[in-house]
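In the part that follows, the structures are each spelled out as structure tokens.
Two complexes are shown next, each including chain A; its partner changes from chain B in the first to chain C in the second.
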Partner chain A sequence: MLHPAYVELARSRFLTLLAYRENFWTGIAVYIVYIGAYHFLWQAIYEGREALGGLTPAQMTSYLAVAWMARAFYFNHLDREIAAEIRDGRVAIELIRPYNYLAAKLAAALGEGVFRLVFFALPGMAVACALFPVRLPPAQVWPAFFLALFLSYWVNALVNVLTGLAAFFLLDNSGLMHARRVLVDLFSGLYLPLSFYPAWAREVLGFLPFQAIAYLPNLAFAGGLRGGALARALAVQALWIGVLALAAAALWRVAHRRLAVQGG
Partner chain B sequence: MGRALMTEEIVVEAVGLTKEFRKFRSRPGLAGAFADLFARRYQVVRAVDRVDLVVRRGEMVGYLGPNGAGKSTTIRLLAGILVPTSGLLRVNGMVPWRERERFARTIGVVFGQRSQLWYDLAVRESFRLLQRIYRVPEEDFRRQYGFLAEALDLDPLLEVPVRHLSLGQRMRCELAAALLHDPPLLFLDEPTIGLDVVAKRRIRAFLRELNRRRGVTVLLTTHDLGDIEALCERAVILDRGRVIFDGPLAELRSGPGGSLEEVVHAIYQGQLQHGGGERGAASGLR
Partner chain C sequence: MAGHLALAAHYLAQHLKARLAYRADLWAGLVSDLASQAASLVFILVVFEHVPALKGWSRDELIFIYGYFLVPFSIFNATSANLWNFAERYVVRGELDRVLTRPLNSLFQVLLETVEVESLLGGLGGVALMAWAGRRLALDVSWADLPLLLALTVGSVLVYNGIFVALASVAFWTDSRSGLIPLVWNLHVYGRYPVEIYDRWLRFLLTWVLPISFTAFYPATYLLDRAAWRSYALATPAVGLAVFALGLLAWNAGLRRYRGAGW
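Let's turn to the complex of A and B:
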């Protein structure tokens, strides 16, 4: 159901960010530094070895480059936005409008995601390819990769929504939001592929949504997911989107009852 | 007159409307903070306490009360922003919070202390965004905007970014934003707060026109008795969440003290006995 209000919210977020697009150039520079640092670190770790954790050095560099640039796309501050709106009462304005609050937040964040893809992730990826030996996957992998990337946006956004809604139940959820960022980056496989984690940790992470944010799409890009494994990865992402969306809707229903708009 | 027609005229109907908030009470000192980690203590605050209220189509009702009396909370309940703890509530034939998205199309809301415009966008773009959010057909939008632009003199403001508007200009735009989808019911929460005399008069004149010519039902809270005198024939006074007066403004004016301000002051101070309270349908001074 593509309600025009949601399209409009996505569009207006995109246009608002367009006015501030210079802010994202520094972001590209910072991410390139990260990719470079990890690239050289991994070169030292490989020490001429053919493969580690199932990845060749070239695959590893490709994984790192796409991991950071994918993050440039799916990353957003939905949790902070929601928590701030609840705390200072701006949520009241959202609740006089004829749309679903969470859907409206997700739509605006998707507008931001598209902006980040066009003005941050794609140019950033071009720079990364020019500077480091990134191997782009064969043509037939691209559709699946972009599908996985699109799904990873929703998994991450819904995790953010849940963290933001915690503001209803905690006196201060800033610690939780900070923990969310660190945990997502660590457990999603941004710093290193999950195949490097010990077996027991992989087992545990397999039951968590974070792998569906970065590890699965990035592995697809680096050429580490083929055929049935790819289909399974997409199914895992879709499953997490369903579970997290149901949880967010349920939490919002409880939260609305407890809402206390201060002031006035 | 048929019963169906009678009920159709009722726009707002609240019976025993109650809203309680749970407030966290911290214990004093370091030991107290530590104890709070394990067992939090809450205090239940009743912001709106068994309020009965009926508003009929075409009425303009002033909602008064000292700070913290529960006026804004009542408006937020009626607008579907908050979910009542108990009581019955029907507005425009719907339960506001339960059918919130459908219900939202039938009301306009203005908060004097909060903006519903997009801070970074020009006024024109905020209006366009609202048109799409409320799915107002182009022709209806033009007609309604034409009416609002003339009454509120909006045209010179259209290209101005919202952040550059003066408070008076912004309030005119806020009113327009709340009315672009032509709702039959308008809630105003302190719409004239902080405005100068000229801006106040202009907004009052607009609200009168909106009510008389367009038949829009208006419920407004204010601390400015001038608003009430200029606009309302009926006032409802709230104190500590309870309705302590509900009746014609004339009745308030004729109370001891002579002026509206004296009488309202006396009621706020608890120096005047009034009807209502436990006996339900509230009316009249004693």
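Let's turn to the complex of A and C:
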């Protein structure tokens, strides 16, 4: 599976982005703007209350900061890239190349993710810690958190692959892709930890893959997941990666058969 | 002035026709607008399941403010696409040459050459939210309030436009991409919540330096009948005019420097 070609694809995307690393300071600033907005908003919402939705005010600020900076890592435009290649026919060239198209896309996007982690998320987190009362977790939580973060990349990337592949079946899937982005941000727990939702909504969200993108790793970081609960969260993430990967492979196979490339 | 207005109507009609030719795009734009509005609403609804009020503001009041916020925000977003890529499209590629040969205000043309009609339609969601929340709050709105409401909305749009015209004008001095426009654009989230939630410095900044609070919170409080903020609310049109005048100053100063892209 881990063929050197895929490692090379990830590496070359990383190196390409390296040329543009100065552009990322605005990205960091924008995310800080968002963390700030929600930090002030949440402080006003707590207004002296000790806990809401199972989180203390300090935990909430940590949750927010890590939520945005984790998003800087896992966020990508895989769906747009795939849809564009399907729309303009470049996918035909991809098909004659000696690699698995989806695996190649995922590898390149991971290279981008690692780049964003190093030049966006980590410095951004340092800025957030300097500006807001973010509490870093104890040392023993870090390995599990980074594992959860790594898994969240795959869950999000596979959701993106599925919406991107919809371009094979829909004349125009840009509405779907926009809606996907908003839904993921809302239901993954970026703005709002899922513990705030009413019980029935929590029940529904528990059956959806979005919690595995943000809520579980962020909660681990903020100190809301320990021991068995943490292990269970990692298992849920792994389960979703398996389910989504199977779905993506199946959709790809069906799409492949429908593909009619114009011109010769 | 009348000529400009008539032309604006023609521009709009053309954009609408072009949009209707590609209905799928129009729908896609509407869906994404509605989805993000729904997400913001869900946030407010869920949070108020846990707390009765936010610094003395009720759920319906916040929804009303959010509804007001959407109207000037959508109008601005619909006409600001060319401010975002002004440096690239008009200065680097020199399209401003074409604009300047026409006997019509250059800024007016740049703003209206691209209009995202679906974003304007998204503003209707804001009107609906104001109506819904206003009814629940039993707000006392008479027909006499409408001209003032219109003036407040225009003021808010002018605040946005003034700020972003000034930022776009930076391109006359340097064509390197500064990334300032997306950064400032994202500050809009601060405008739609009561300024009481921010600390003193931020409140000062949002009122007097980058008057983002005049794009939503201050003017919306007028109809919510909060005496404490009345003077701020009524100042919105004046603030809008002042900010837009500054934007125009920057624009005109930049135009005088502009030498075209060719030789």
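Operating definition for what follows: the second predicted complex is superposed on the first by the 262 of 264 C-alpha atoms of A that agree within 3 Å, B and C clash if a C-alpha of one lies under 4 Å from a C-alpha of the other, contacts with A are read in each partner's own complex, and residues count from 1 in each chain.
In the analysis below, contacts are C-beta pairs under 8 Å (C-beta built on N, C-alpha and C of every residue); 3 or more make two chains touch, one makes a residue touch a chain.
In this text the structure is predicted, and so the values were computed from the model without any measurement.
Look at A:Asp185: by the touch rule set out above, it reaches chain C but stays clear of chain B.
In the superposed pair of complexes, A:Leu131 makes contact with neither chain B nor chain C. In the superposition on chain A, contact is made by A:Leu259 with chain B only, not with chain C.
When the two complexes are overlaid on their common chain A, residue A:Thr16 makes contact with chain B while staying clear of chain C. For chain A, the partner that touches more of its residues is C, with chain B and chain C as the two candidates. Once the two complexes are laid over each other on the shared chain, residue contacts for A:Leu171 go to chain B and to chain C alike. Once the two complexes are laid over each other on the shared chain, residue contacts for A:Leu95 go to chain B alone; chain C is not touched.
The interface of chain A with chain B overlaps its interface with chain C at residues 171.
By the touch rule above, chain B contacts chain A in their complex via residues 21-22, 24, 72, 76, 79-83, 97, 100-102, 104-105, 107, 109, 111, 113-116, 118, 120-121, 125, 129, 132-135, 189-190.
On the chain A side of its complex with chain B, the touching residues are 4-5, 8-9, 12, 16, 19, 89-90, 92-93, 95-100, 171, 256-261, 263-264. Within the complex formed with chain C, the residues of chain A that make contact are 23, 25-26, 29-30, 33-34, 37, 40-41, 43-45, 47, 49, 52-53, 171-172, 174-175, 178-179, 181-183, 185-186, 191-192, 196-198. Contacts from chain C toward chain A in the complex involve residues 24-25, 27-32, 35-36, 38-39, 42-43, 46-47, 49-51, 54-55, 177-180, 182-183, 186-187, 189-190, 193-194, 196-199, 202.
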